[in-house]
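Both complexes shown next keep chain A, but they swap its partner, so chain B is in the first and chain C is in the second.
For the complex of A and B:
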């Protein structure tokens, strides 16, 4: 049954394939004159039925499919899926493997944030800065490609450690450090440029405000929530990140500007983590082979994906096959809170507000 | 002759995400738009308007939900036109079409792309490297220029 839309007099449906969205989904904006009074988002276009495919397949195959949930944050899906087994069967992970997992994951978070800048700045209309995001991103993609052998699907974590091809030689470690330095300098300049650009700031300042109460009520997660003043990051709960010295970025404005600034500042924190990782990379084993698959009750793990909280949960049967697989990705709740944040804005700002939570529909629909 | 030259000088590419994991999409956008790889220097432009497009790039395994939209987009592209499948998903369905547990592989997949549209070029890889995408463009553009329409 159609909901009562109050005073709205125009409906603007967008999608499912539309230039403004890039990924297929279907927001419907209800407008009064040009002001958004209601927004409704339909998410079904990219549903591949991954959770259904998982039922009863061997756990190592399952891990590879979890990586195909998303091509932007692929490592974190795989890592979290692997962590479920490691937590359920108490498998220890060597320190060197922990370091490499963090390094690959954080570099991926960096490239993900840089895609967001490129996309958001293009929506604003500042194409030059958007292009520069891609220039800043490319050295990190090349570094990831050289470290892991693939530019997007790194396939780094496996149960009990990391894949041998992701184990860098001493030469590679030094090369990575030298590659990192100019790229980091460029990124720092670029971040400074975004934050000081009056034109960009005038377009995003005070738009699409999500208050702390709303963020908690609609369960916004990740940088979206942290820009609204919610101090929560799952990385602080994960042992692998305890080797590193870094800060959680929390801002309290809650508008589009703060969501962009939170990610910019997070990029600089990531650079700190990656540099520490390559400098202090310990020697030693990369894989613990001392474990056996068996019956495992349903176990749940949380992780911080680039966009926020990622939830994976499944159990194993006697043969080591996956049962009751369940996965929840951050964009579901983030887009829900953006539906609220874009109310009262003009239509052009509403599209920007939706994009400002960095929606990833391929994760969300699965 | 004149047609060939003019076609070669303004090739417009339209990209449709048909439900893959986004890896290929980002690589294509990165490849076409970014200043690092930059196919625009070879006069290949990315467009979002099917009436302007010459080449349709499709990524992903073509889900049932997107199939009608994809066909409508293909119909809207004026002749001559080519379809290129980018990435393993579009070529053979990848994990979504081939791997399955107790319930079999994914029910949502209508593809691979060759079942839905006539495919002229394939770019393999999961995801394909930008160099491969540029190489395929170099192969596909002369075919497009010599098409009889």
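For the complex of A and C:
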């Protein structure tokens, strides 16, 4: 049953500059006393025009720029953009490259979820656990730096494979497995600490409920939708992930707690994938050079970014230049669904509810 | 009445509060930083040096309908809360019979109301006046009164005063019930002299009172987890948001002094050691030193609690406050 948008006494406009909003957007909360009866969010306060920038440039340059759409989920933007060409021109990717793409992408997803824990706990006022999220995150950032040569923009996928510097030596592979173990133990302890903290649970349990029907209606995606019972993850549709044994995490509560728990459990699945990746990393080529750029019709690709569904589409002209580039990131629909989820909550909880979809305005306002 | 001693006591106590209050702010930050596995700032930086720094910043006029009053609330409140400290000093006990718990509670209420006034007087540029074209561009809801963060903070402070203050007042009155007197002099004398102390804290009702007082102490300081009236997640900082430059320095002083004064009141009521200023004997000096040392206890415990507590919204605040009030009432019954 859909929530009513009731009468309001006052309006509290929040943002576009506000400590709870890591990036600029404008939620307007309509309140009766402390209770939110309506919410309206305006985006695009920092539009950068990246899609326009892509028009007519060589596809390699385009891919480099797609990585700059976001600093948290840079790999998935680049990977999905590369997949568009690979799909449009039927380019095969060597298995070793597929493994490394998955490993880098999943480590990135893990660090993204840990930022979410830090942010959410900061908003509920638990600074200690918020800061420990970043302590838990640091070993994975170091690992990403060691694997790719960079902590943020890994520049791993290229058309037909991966960049040579992201191809680990045997020594590096063993080192990565060694680094992974203590980091995973700390992460498991940390997750356990969050989930057993009665005060934290009292702040997030039963808050900001998004039902399955609402999640489908407003097209919530990613962990936000899966926490509301929507069983969908684009990774199940991507061949590169078929080498790995992992589960899609689906919960049915739909509240802030479930959105946190879904990400916690997803972190454990990510660790499974990464460990399998390093253990079973096959030998072989990392790049297929047997292809030629040319005219390509507009092709569409979907991927599962840390926050949910990522859409990229473009075509190529005869010279291999990009035409009609389009990108849609998960936060647009996730924030839209949070407008509904926060109804009936107190203002403080409503801000938390918005944050619980892990909005990334850098991607959204690309 | 010895006017010289009276003046010396008054000035010395004010200086002690003004010095140690900001130090408490630093201790709080340092302990929290250590819990958060950070080095944290030097102890004098968040309070003492920050205040000096803010005093020498370019003056900042807040976006308030009455900026002068908004600024002057701070020194007025600092002066008011210093009276709580002064009234616990034996030199003040004879003045107009003011040294009673009723007078102290009255001053504490005035301090709380100051925050409501603060909230009502501030108009931060970070909320309603933040220029953004979201109303004219096809907004669904138009024409509602737009409230500043500080206005919402003032509304929350009213609720906070009503509900969250119960524990500290119950805690304050438990010693009075045990002694059967609201006069501070009687409460202190009941616990014996400095060399032969029988603190109320070490009795069952006294211990309950101390626990309840501590919870109220955190609520009075609007510290985590009782910081809903100035929750960073939505109201940024609430009522004091627009204090900048020298006024921000004064706000830090207010916060630090209030922390010291409430701790000092705790030591007087529950340890039976009032802030006596007597530099002529070693006993007098020892008593003052002991008093100051014991004032560190509550801020240290608060720092640990704050580091591990999320902000409680009113949904949690009401039951917590009523729960501790009920415990306090049980303490009162035991004291009877």
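Here, the second predicted complex is superposed on the first by the 360 of 366 C-alpha atoms of A that agree within 3 Å, B and C clash if a C-alpha of one lies under 4 Å from a C-alpha of the other, contacts with A are read in each partner's own complex, and residues count from 1 in each chain.
Convention: a contact is a pair of C-beta atoms (placed from the backbone, for glycine too) under 8 Å apart; a residue touches a chain by one contact, two chains touch by 3 or more.
Just so you know, these numbers come straight off a predicted model, no measurement behind them.
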Worksheet item: With the two structures laid over each other on chain A, which partner does A:17 touch: chain B (first), chain C (second), both, or neither?
Response: both
Discussion item. After the superposition on A, what does A:131 contact: first (chain B), second (chain C), both or neither?
Written reply: both
Worksheet item: In the superposed arrangement, does A:173 touch chain B (first), chain C (second), both or neither?
Response: neither
Discussion item. I'd like to know which partner A:324 touches here: chain B for first, chain C for second, both or neither.
Written reply: neither
Worksheet item: Touching A:212 in the superposition: chain B (first), chain C (second), both, neither?
Response: neither
Fill in: Contacts of A:360 with chain B and chain C, given as first, second, both or neither
first
Discussion item. Let me test your reading of the model: by the given contact rule, A:74 touches which partner, first (chain B), second (chain C), both or neither?
Written reply: first
Worksheet entry | Which of chain B and chain C A:26 touches, first, second, both or neither | second
Discussion item. Applying the document's definition of touch, where does A:40 land relative to chain B and chain C: first, second, both, or neither?
Written reply: second
Worksheet item: Of the residues on chain A, which ones does chain B touch that chain C also touches?
Response: 16-19, 45, 131, 135
Worksheet, complete the sentence: chain B contacts chain A in the complex at 16-27, 30, 33-36, 48-49, 60-61, 63, 65-66, 69-70, 73, 94-96, 99-103, 105-109, 126-127, 129
Worksheet entry | chain A residues touching chain B - in the complex, by the definition given at the top | 16-19, 22-24, 44-50, 52-57, 61, 64-65, 68-72, 74, 115, 131, 134-135, 137-138, 141, 150-153, 321-322, 360, 362, 365
Item to complete: Under the touch definition given earlier, write down the residues of chain A that touch chain C in their complex.
Response: 8-20, 26, 28, 30-31, 33-34, 38, 40, 42, 45, 121-128, 131-132, 135, 199-200, 202-203, 346-352
Worksheet item: For chain C, which residues are in contact with chain A within the complex?
Response: 32, 35-38, 126-128, 130, 132, 134, 137, 139-141, 144-147, 149, 152, 155-156, 224-225, 227-228, 231-234, 236, 307-316
